[in-house]
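What follows is subunit A paired twice: with subunit B in the first complex and subunit C in the second.
Coming up: the complex of A and B.
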């Protein structure tokens, strides 16, 4: 039983959050049953809706994967937020100004975004490795800096005055990611992110670097004692995580839009932390966690359109899940009983 | 007989990671006594006191305060009932003054602000009453360790502590500061306070305590009036096992020296000579034991040999001719040196990771276990399976997180890891502390097996039975020095060893360490 404690706790947290959501719906909605059914079934009612869920989950998977790597190495870094934004912008610049053929163009744009992500991400990493600067603080500071720089570039260099809003010039057609499933907006970014997830899983559990990463995150003193150079591990993890976050930003921009139109940070940093939390820092579980999050968000959207309950309900669900999963005390009584039993068994 | 102010009955504490830190412990305090709580590192002393102070919740058992059942959810509850605690690591705000720290959380108010002068006055009054002289206006960060400790004690007294728990208060003090602390504690006792004094330094315990509770591996090994036990008995109860271990050792044929330490000296941050002029050599096929009461320089010696002192040592330590005292642990390990650390939780293992992950940590870099970037998963699993069987590790398989194993089984995995890489030198620091007798025997046999395969072994232990049985050459360490050396450890009596360990006796003339080294050269 003890072995599955974390899984059980995650599932129970999700279930409790949903039950509370239903109770709230029952209280504020005139037609509670109908509303709940819209919330639950809306996202899977039509191909287009399923498409919405999947396309929304793509950036969540990228950011979740990036955060999983960081959390797993013991780094509480929320920099994916700023990296998504700035890398999306870099990809946009290439999509607007470079002229290349249909396949090379998005590849070049995505690679450029990823590289910028990696290079920017490594700065807090180096600061942590060399001077033990808290990555939570430095990564949040970086988010503000990157947002400022990004908005400056958008406003003064990329803005299309003819578009009547704060968006960039149009991307060239050659740069857009191809559609994968007709009738939806699911783009080839899905394949890319799934490949990244499998690769990260493989990296984490089957390579020397992944091994070093896990040992460093699990117990840095032990890793050092074993002869692992943990400072180097921390820097490497930041490079890879930044690369993935950057790729996510670039893919999202090229896959979903024809112009760069984020006028503020898109919020993928915290989303990534939420996905990582749900996925229990496991790369493969990121798929399920991101899909679930997208599912309840689309459900809430549907509900707000077709019923009298606002979409903000989803924030309540998220908050409850976070609270329960991260609360030390939650289900601890149960765990303590199991621990005591096991300790007695061993004598 | 005086009344028990406080009683803890049948306390069991299992931490979240599955470690049983206390098992059915009984503990009682009589009004106005100084009560020693002694035991090795990891015996569960701090845990027991944290439970008493409301910082940890017991998994089982009850606490009675003057005969009445109490439950402390937080330290605040304990403080309200007159219990105060000074922790192993101080909990003061460095940038605040002494007076500010004193009143933290209970500030005297004037209007909306803090009445600072009143705080200073309160601090002064209290410090005069108990003769704990401190400067109320000094910033805490500018104080010496001894001063900070006084502030912590005053803080507890200001909050009305009648029962005062001091967690290893002397660990950080100079001998003079310790003397001073003792005077103050006796004064507090006269004033009617009850004191719990945690320590593993027996002399200190003997000097000021009325009674002693001895802890061993999470259980209570007995309560005694101080007058009724000798230091030797206490030390035996702290580390001893109820079963005597005996082994048939084959005759060993020593080869050339592997480790050669000359004049190793280290002055620590407190300006104390933690190591002074250590001379030591270990030959292939030889187990050299270092006995001693904990905290007499053994930890520093091991650190000096495993890269833990960052080269801040004088003298030399050579392994097969190459100097290691300025190398980092990676380079030291690359020379073929293995190390079983004293603290298996914080250094020896990554608790959440699997047994096989824990087994390969010192060898995954070698060609045998990887193909370039990729690890050889199958070989690793079969290695783990083989070692689990060889060391009789009780577990569900190589994939089980190591943190779920009992202490003994976890230690077996660690020893398995360090022994199975064919080291030329193995440093084993308290390799069987706190583990069950079965695991201890298995580990001992493994060490002897390594010895017959010509490994040089440095064994550091406070367990006399273990160290006398296993060592070919035995040193005693006291106050950072090797004070005695024995060529035939099995012929030494525990009593005699005890005299050296407690600093009551020292081998005269030739430096103890050096004399054996020169013997070795003659051989």
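Coming up: the complex of A and C.
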């Protein structure tokens, strides 16, 4: 039982959050049972709905993976938000202005977005590694700066006056990501993110680099003492995390839209922190965590369309999950009792 | 360029700087107090939002702006108490706890707004009240200064008084001393009999109190209604202002004024077709540069110490 303590705690947290959500539904809905069943079964009712869940999970996997790397190395960096946004914009610029053939065009746009993400991400990383500047505050500042710059580029240089809202010119067809499963909008970005997840898992658990990262994360001073160049580890982690967050932004823009249309930060960066938390900072678990988050969001959307409960219920569920999962002391008593029991068995 | 300067050097502009600074200043003072106690409360944005909504709802149902303000403050304190319980008692990571508060607030306020008013966008259907503007006798008749300083919302004056209050509290009262010592060295504070948990709890409650005041100003002064995500990042700006202010009360006040001025400038200069998006980023860039300089100086100082 003890081996699975983290898993159990995660499941219990999710269960408590869902029970509270059901209680809220029961209080405000005229037909509570029907509403709950829409919320729970809506996302798997049709192929299109399942497709929606998978589509929504793709950006969550990218930012979740990016945040897993940062959290695992002990960096409380919330910059994925701004990087996702600005890299999406960079990819959009290439999708609008460059002319290339069908396969090369999205590859070039995604690479450009990822590179920009990596280069911008490394600035707070260097500041942390060299001079110990607080990475949380600098990354938050970067979010605001990148959002300002991005909106300036959108409003003053990319904006299509012929469209009736604040959106960019249309992307060229060659730049859009190919559809993977007919009947849904699932695009090739899914393959890309799964490859990234497997690669990250390999590097984190089967290479020296991953070992150094994990050591730095659990105790930087000790890692430094045992000969690991922690400054280099921190800078490398920031480069890769920024690359992944940037790739996520680029893939999302090219996979889901035909114009760039974010008029503010889209929120996937902070969602990434939630995914990382649900995944217990484990790359492979990011898949399940992102799918779960996408699932309850699509369920909530369905619920708000077909019943009298608004979709924003989902943010209450998310808040409860975060508070409980990251609570070290939550269910500790139970864990201690289990420990005692095992000790008695041995003694 | 003439019109640029004429916009910046008008009494209207100076007036609007104070107005725009008010919510930022409140939240920045809140962030300052919790940071002084060694806890980073990044839930400011969410706490402001909840305060703004509660003020509107309570004032609409009681018919009194003041009871609305009281409700807003209570909601902010309650939310911070929940955050404090989770972070201090059952050890939720404080940053993740702050993220939870923000997530709860951004959707939860819309959820509650919908239940109360049937609208997901604004609270126009609620007859909420507005806190009064004060016209200060004598002061308002002084040329130049009068039109800038008089006629503000009562909370704007409260925010300025709060600067003095927080300064005095941190520097001159036992509570302030305890907050600072807990923040600087919790073990040492513990060893002289200060209850670290209790002081941090109080500091978090105070940060929620100030954030809620900022939120109440947004919906009962700056505007006369609640609209979804109306704080629009001011809670994050407040955290930046606290950082730019270098952790001092006066510094936080000045930094809040700088952020307020750039926000007001961004509003004013839109008419002149100068990109407001870029102007709005200047204070953040200044904060990053400020943090960088501070970090370099600190790490050099530490290295020198080691050298001896």
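What we mean here is this: the second predicted complex is superposed on the first by the 336 of 347 C-alpha atoms of A that agree within 3 Å, B and C clash if a C-alpha of one lies under 4 Å from a C-alpha of the other, contacts with A are read in each partner's own complex, and residues count from 1 in each chain.
Everything below uses one rule, namely that a contact is a pair of C-beta atoms (placed from the backbone, for glycine too) under 8 Å apart; a residue touches a chain by one contact, two chains touch by 3 or more.
As the structure is a computational prediction, the values presented were derived from the model and not from experiment.
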Which of subunit B and subunit C A:316 touches, first, second, both or neither: second
First (subunit B), second (subunit C), both or neither touched by A:256: neither
Partner chain in contact with A:219 - subunit B first, subunit C second, else both or neither: first
Subunit B versus subunit C as contact partner of A:136, first or second or both or neither: second
Subunit A residues touched by each partner, larger count belonging to subunit B or subunit C: C
Touched partner set for A:28, first subunit B, second subunit C, both or neither: second
Doubly contacted residues of subunit A, that is, touched by subunit B and again by subunit C: none
Partner subunit A, residues of subunit C touching it in the complex: 40, 42, 86, 89-93, 95-97, 99-104, 106-108, 110-111, 114-115, 120, 233, 236-237, 239-240, 243, 275, 277-278, 280-281, 284-285, 287-288, 291-292, 294-296, 298-299
Sites on subunit A touched by subunit C in the complex: 28, 76, 78, 127, 130-134, 136-138, 140-145, 148-149, 151-152, 155-156, 270, 273-274, 277, 310, 312-316, 318-320, 322-324, 326-330
Subunit A-facing residues of subunit B, complex: 12, 14, 16, 18, 20, 23, 59-60, 329-330, 333-334, 339, 341, 346-353, 357, 360-362, 364-365, 370, 373-375, 377, 394, 404, 406
Complex contact set, residues of subunit A against subunit B: 2-3, 206-209, 211, 214-215, 218-219, 221-229, 332, 335-336, 339-340, 342-343, 346
